[in-house]
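The following blocks contain the structures, represented as structure tokens.
Okay, so chain A shows up in both of these, paired with chain B first and chain C after.
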Partner chain A sequence: MDMKRDYYEDIELFKSGTVLVWTIVLLLFLFTLPLYLPSYNIYLMNIILVNVILAVGLNILVGYTGQISLGHAGFFAVGAYGTSIIMMHLHVPFLPAIIIAALIAAFLGFIIGLPALRLEGPYLAIATLGFGLTIMHIIGRWEVFGGRMGITAPPLDLGIPNSSWSFVIKGDVQIYYLILIIAILLVIGARNLMKTRVGRAFMSIRDDDIAAEVMGVNLTIFKTMSFAVSAFYAGIAGGLYGFVVTFFDPFSFNLILSIIFLVMVVVGGLGSVLGAIMGAILITYLQYDLLKNVENLPYIGGVLVAISKQWFTVIGLANFAGIALGIIMIAIVIFEPLGMFGIWIRIKKYWKTWPF
Partner chain B sequence: MFEMLLIEGLAIGACYGLFGVAVAIIYKTSDVVNFAQGEMGMLATFVAYHIMTAYGWPFYIALPATLLFAILLGMAIEICILRPAKEPTVLGLLILTLGAEMLLMGLAGWKWGAEQKDFPFLLSVSDTVQIFPGFALNSWTIGVFVLTAVIMVLLFLFFRYSKLGIAMRATQQNENAAKIMGIKVERVFSITWGMSSLIGALAAMFFAARSVLDPNFMMEPFMRAFAAAVLGGLTSIPGVVIGGLILGIIENFFGYAWPEWKPIVAFVVIILIITVRPSGLFSKHYVKKV
Partner chain C sequence: MKKIWIAFLLIGTLFMTPILADAAAKPGFDDKEIRIAQWGPQTGPAAPWGSVARGSGLLFNVVNEQGGIHGRKIKYFIRDDQYNPAQTKAVVKELVEREGVFAFVGGVGGACGLAVMDYLSENKIIWVGPSAAITQFVFPVKPYLFAVYPLYEDEGSILAKYVVEKLQAKKIAFFYQNDAYGKDGLEGAKKRLARYNIKFVEELSVEPGEKDLSSQMLKFKNSGADVVIMFVNPTAAVIALKTCATIGYKPQWVSSNTLSDYGLMFKITGGLWEGVITGAFGMTPTADHPLMNMYREAGKKYTPEERWGTFYLAGIVFADPLVEALKRVGPKLSTEACLKALNSIKGHQTIGPKVTWTPEIHQGTDSIQIQKCGPGGSHILLQDWTANDMAIWKKK
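Take a look at the complex of A and B:
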């Protein structure tokens, strides 16, 4: 359907004038959002944007390079703790701190990418899973990181702290703008990366690593690079997450979080930036809003409470979120392996070729 | 002290190995890594707990009922979740079993709540049984060793001599050829899942007797058991048990020396070993044909 006649058509950011106009409308909408959204929803938007950054990064690894990671909560934790610790103890402004933390995460991604050169499938899953748990435990044991009690994020200072250049960002709305700008930059970055030599190398590894190697793609460099780039995104997302929630402990970065990150990418659609964004929005919304108080849902809520009283326990109804997520995961693999992006493509095709 | 640590490590290692065998049986037959294995065992253990506490039935009735439930649960998951997926990728299979895991964990949490319970089990780690003078073990340890040995022997005989076991091996080697030879591959898969769920439920009850019973209690043991299975090579059943024993010993000795790092030593060892031997210690390295 999308026919490309030359290379420059492939790399251009906006496919047509219509796309450009709608993108501008969307950006205007996003930048004016705090004017008409209640403050809890701004908090939710912040979490969604953080997860969008992470999902886009994870999609580079899982969707484009075809590797598996069950350890992204580890990189996320490195970003969150790294940024806060660097800012607290070294008194570095926010931007260098988050970039240093993300680079540490990227370095760890490179390290875990080394065994990944020889591993695939379940073996890679257990290696990354072990990595994520190791990070969680190291952070939980080390006193610098606040131990099991967790730490509170320092004031988010864009300028130089404790000086006349200090520029502290406070409140959900101001953080929202910061995250929005970073998210837009990183999403465009990921999208453009996929149109370069590096992105094509990633995709060739996903399609067939042996064929890619024969074609001259250096697997060592590009597989580890994919892990590093993905971990960098996770690090940035983690650093921002720390300031959104302001308080975090090592146990929030557990295996379930890694699974949920993977679910975002798979539900959204593997191998597409737009899909990752859609998946992150849907899953985060479900997790933080729709499924948070199931008993208050219209129609379904009453039924569920009745079922709980009859066969289950009302106090355990909070676990319904897990059940719903599980069903979504299973259903998406069975019915729509391309995820939400596949549905979107089908709708687009339907209207483009209508009435045929 | 040394003997105690060694025996304790071997016992917990045998338990990891037993649970790892459950993972390995499924992987051997259908190339699926079952991340829901821990939660399948957890749910079965909860059913046993429910039968014993809510209905007040004795253990020897609860046990067969639970094992029957475990078999049906395994078959149901294969039939309802894995079978409808059309040619899923490795990642797709991973997501399917992870989805089943979240589903089962949510169901158990909904039914029994998150508070920790004591699992009334026949064997316990706190009593001692004199085997011969000067050498005593607790009944849990003896139970684990006996059960692991019995299951290993039964599995060996099953895969070597029974028609079904041979059919399972044939399915693993070449699914299409097995189909042509008249093996109902789909039925073999469901039976495999039932069998694996049964072994997993037995191991899960041992884990529950050792720790506490709550919807999360199989998370950690499952990951250790999976690590043990990967260490042993996922496709060789004796290898998996040996992997479990090695892991149990390493973990116990390391945990004695540096208790605070005990939870992660298993994974560090695993990452190091599979970096050197990507298919585990006891499995022939699989060379991909172009």
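Take a look at the complex of A and C:
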């Protein structure tokens, strides 16, 4: 299964004609999605795609390089605030603004990468955690960032704002296409990066950093680079997130968010781009949509409400959403150490060898 | 290879079926029901405020029991947003576009409200009684948004007047959260004090999430303030009171209405809350008032498991003017008719303050009650509804 016979087979974007065809079908499906999906689901899709970008980026750090970060909400915040503030104060079009903001995030990622050269495991987790919380507090205290009250994102202008070249994107559907294109580019980018010398260096650091150094991998460069690349992805995701929600405050980028990001990568499957995507989709869906309207289901709804009122607190079904999310996460980690990517591999194997 | 094709086809059909089922958004009402909704944190860090949304539910239960409004029952939706603006937007969109909602009531959280404010007005959804005093909600006036919650600036002013005139305080200090909530309160109180030619002996701020308040409390102690007015969040208040207990400083604490849930505050301060004076946006939960008695009975009947506290009642206060407007509209319901009725509400009062809306001003009230925490977290009424004679927005 998935055996490579030569190097070029490994770096191919599409393994076979079938994969190519289905990728095209999937892309067609994604691009025509707004035609048959109610618009409130498009909002959910936007959040999912933002999280996909972030999870793919975080996976480069956690899954491929074997470092840990509990501070990705910080990079995410830098992206969101950076993009909006650069656009508002410097009147720069959207694309340069988001790239500058993501580069700022990447630079901060590089800075955080420096202590990572000496820290490992729980110590690194604490260092990155500190970074995430610091960013939240700095933003909250600084009036330029709108303080604790938060800021409203400016109009999403692809052209030059306030001129005849202005090209404002409005509404969930238009933003969806923008995010979709960026997400596809970044996912392909991440996938290709992993097939290069850089990607292999990351993986060698993950497997054994001393052995990697002996083989000539410069730990200083590649560890900090991994942080920077990962933070760049988080910055882009954050910049887009700002326009999806249109309003955000520092508290939106709290510790829980960093943990949720990590959960996406672990549940999806460490060290796999596809896994990160699946994890982001599943966790976002569970968080945003699961059991939000179970109450109105025929039969089951009433029973669940009654159970909840009897044995849990008065808040009713919200209890179940939390419990279900937790159980699903625990179950995946226990029964499928490779995450959802492991489930995917087994499904693939089953179909390939069917009926045996 | 064929098997993979079949698999994808199956997945594809699975995707499509639920999507095609509900295409068009429903209007907010029909001949049998009016759909009204609210978001609120049922889980997560702000879960104690989630009772606001459930309290509105009690009011709608009472209305439905009395036969609904002109033959229509109220169908009420509560959605948990975990106090996260991104989730608020998701649930609001889902409610508006899938369920078809006529109006929103309440809604805890300034940031959560600001995240959906524009969306709601673009979709012409009425929103009555946001459960947060945010000046952007009402100034400039939003045609579809009607606020009940008294502004923090008005409250700061009324509390300062009470402290000077009734408590006869000589040295007053102010303790505020470093955001719009705290600063608005400070602003109102300062303007009031300027009228008496008094200045605060100390003004200190706290960042949300700050856990060590000993330096602030020592400064208050050294300033010799006999009254400290505070506009802070519950956690900061608890830490402040506990710190003061250890350093042996006992000022009269006066607080904004955000800390007026005495049952909760008494419990989490371990009894230190007794004697604290606060503003209040609703009558005391134990008040002997015909409406309050009726709601109390209804509460026992429908939701015996709920604690009969300030925020649960707030749900009734915030949602009540909408019910009144719907009653005035009569059987021919439409969003425009309801807006007209809301704009004509004048001096309407149930268990909250008197609410008045005009087409130009959608801030419904400038009045609070002043209450004091008694033994066991009970409410004692100190001063009945008091308006802010210095409210600037009323002179516009």
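Please note the rule applied: the second predicted complex is superposed on the first by the 334 of 356 C-alpha atoms of A that agree within 3 Å, B and C clash if a C-alpha of one lies under 4 Å from a C-alpha of the other, contacts with A are read in each partner's own complex, and residues count from 1 in each chain.
Keep in mind that, in the parts below, a contact is a pair of C-beta atoms (placed from the backbone, for glycine too) under 8 Å apart; a residue touches a chain by one contact, two chains touch by 3 or more.
This is a predicted model, so every value here is computed, not measured.
Asks: Superposed on chain A, are chain B and chain C clashing or fitting side by side?
Replies: After superposition on chain A, chain B vs chain C: clash.
Asks: Mind working out whether A:I68 is in touch with chain B, chain C, both or neither, as first, second, both or neither?
Replies: Touch status of A:I68: first partner only.
Asks: Quick one: classify A:L255 as touching chain B (first), chain C (second), both or neither.
Replies: The answer is first: A:L255 touches chain B but not chain C.
Asks: Applying the document's definition of touch, where does A:G147 land relative to chain B and chain C: first, second, both, or neither?
Replies: second
Asks: Which partner chains sit in contact with A:F29 here, chain B, chain C, both or neither? Use first/second/both/neither.
Replies: In the superposition, A:F29 touches chain C alone.
Asks: Counting only touches as set out at the top, which of chain B and chain C does A:V173 meet: first, second, both, neither?
Replies: A:V173 contacts neither chain B nor chain C.
Asks: For A:I126, is the partner it touches chain B (first), chain C (second), both, or none of the two (neither)?
Replies: Only chain B; A:I126 stays clear of chain C.
Asks: Which partner does A:I99 contact after superposing on A: first (chain B), second (chain C), both, neither?
Replies: Neither partner.
Asks: According to the stated criteria, A:I210 is in contact with first (chain B), second (chain C), both, or neither; which is it?
Replies: In the superposed model, A:I210 contacts chain B only, not chain C.
Asks: Would you check which partner chain A:F320 touches, where first means chain B only, second means chain C only, and both and neither mean what they say?
Replies: After superposition on chain A, A:F320 lies in contact with chain B alone.
Asks: Using the superposition described at the top, list the residues of chain A that contact chain B and also contact chain C.
Replies: Shared contact residues on chain A (touching chain B in one complex, chain C in the other): 137, 141, 315-316, 318-319, 321-322.
Asks: Under the stated contact criterion, what part of chain C meets chain A in this complex?
Replies: 1, 3-5, 7-8, 12, 15-16, 19-20, 22-23, 25, 42-43, 47, 50-51, 54, 77, 79-80, 84-87, 89-91, 93-94, 96-99, 110-111, 114-115, 118, 178-180, 207-209, 303, 305-306
Asks: Using the touch definition from the top, list the residues of chain B that touch chain A in their complex.
Replies: Contacts found on chain B: 27, 33, 81, 84-86, 88-92, 94-96, 98-114, 215, 219, 223, 226-227, 230, 234, 260-261, 263-264, 266-268, 270-271, 274-275, 278-280, 288, 290.
Asks: Which positions of chain A touch chain B when the two form their complex?
Replies: Checking each residue of chain A against chain B gives 62, 68, 114-115, 118-123, 125-127, 129-131, 133-134, 137-138, 141, 210, 255, 259, 262-263, 266, 270, 308, 311-313, 315-330, 332-334, 337.
Asks: Going by the contact rule at the top, pick out the chain A residues touching chain C in the complex.
Replies: These residues of chain A touch chain C: 18, 22, 25, 29, 36-41, 43-44, 47, 137, 140-141, 147-150, 152, 241, 244-249, 251-252, 287-289, 292-293, 309, 314-316, 318-319, 321-322, 347, 351-352, 354.
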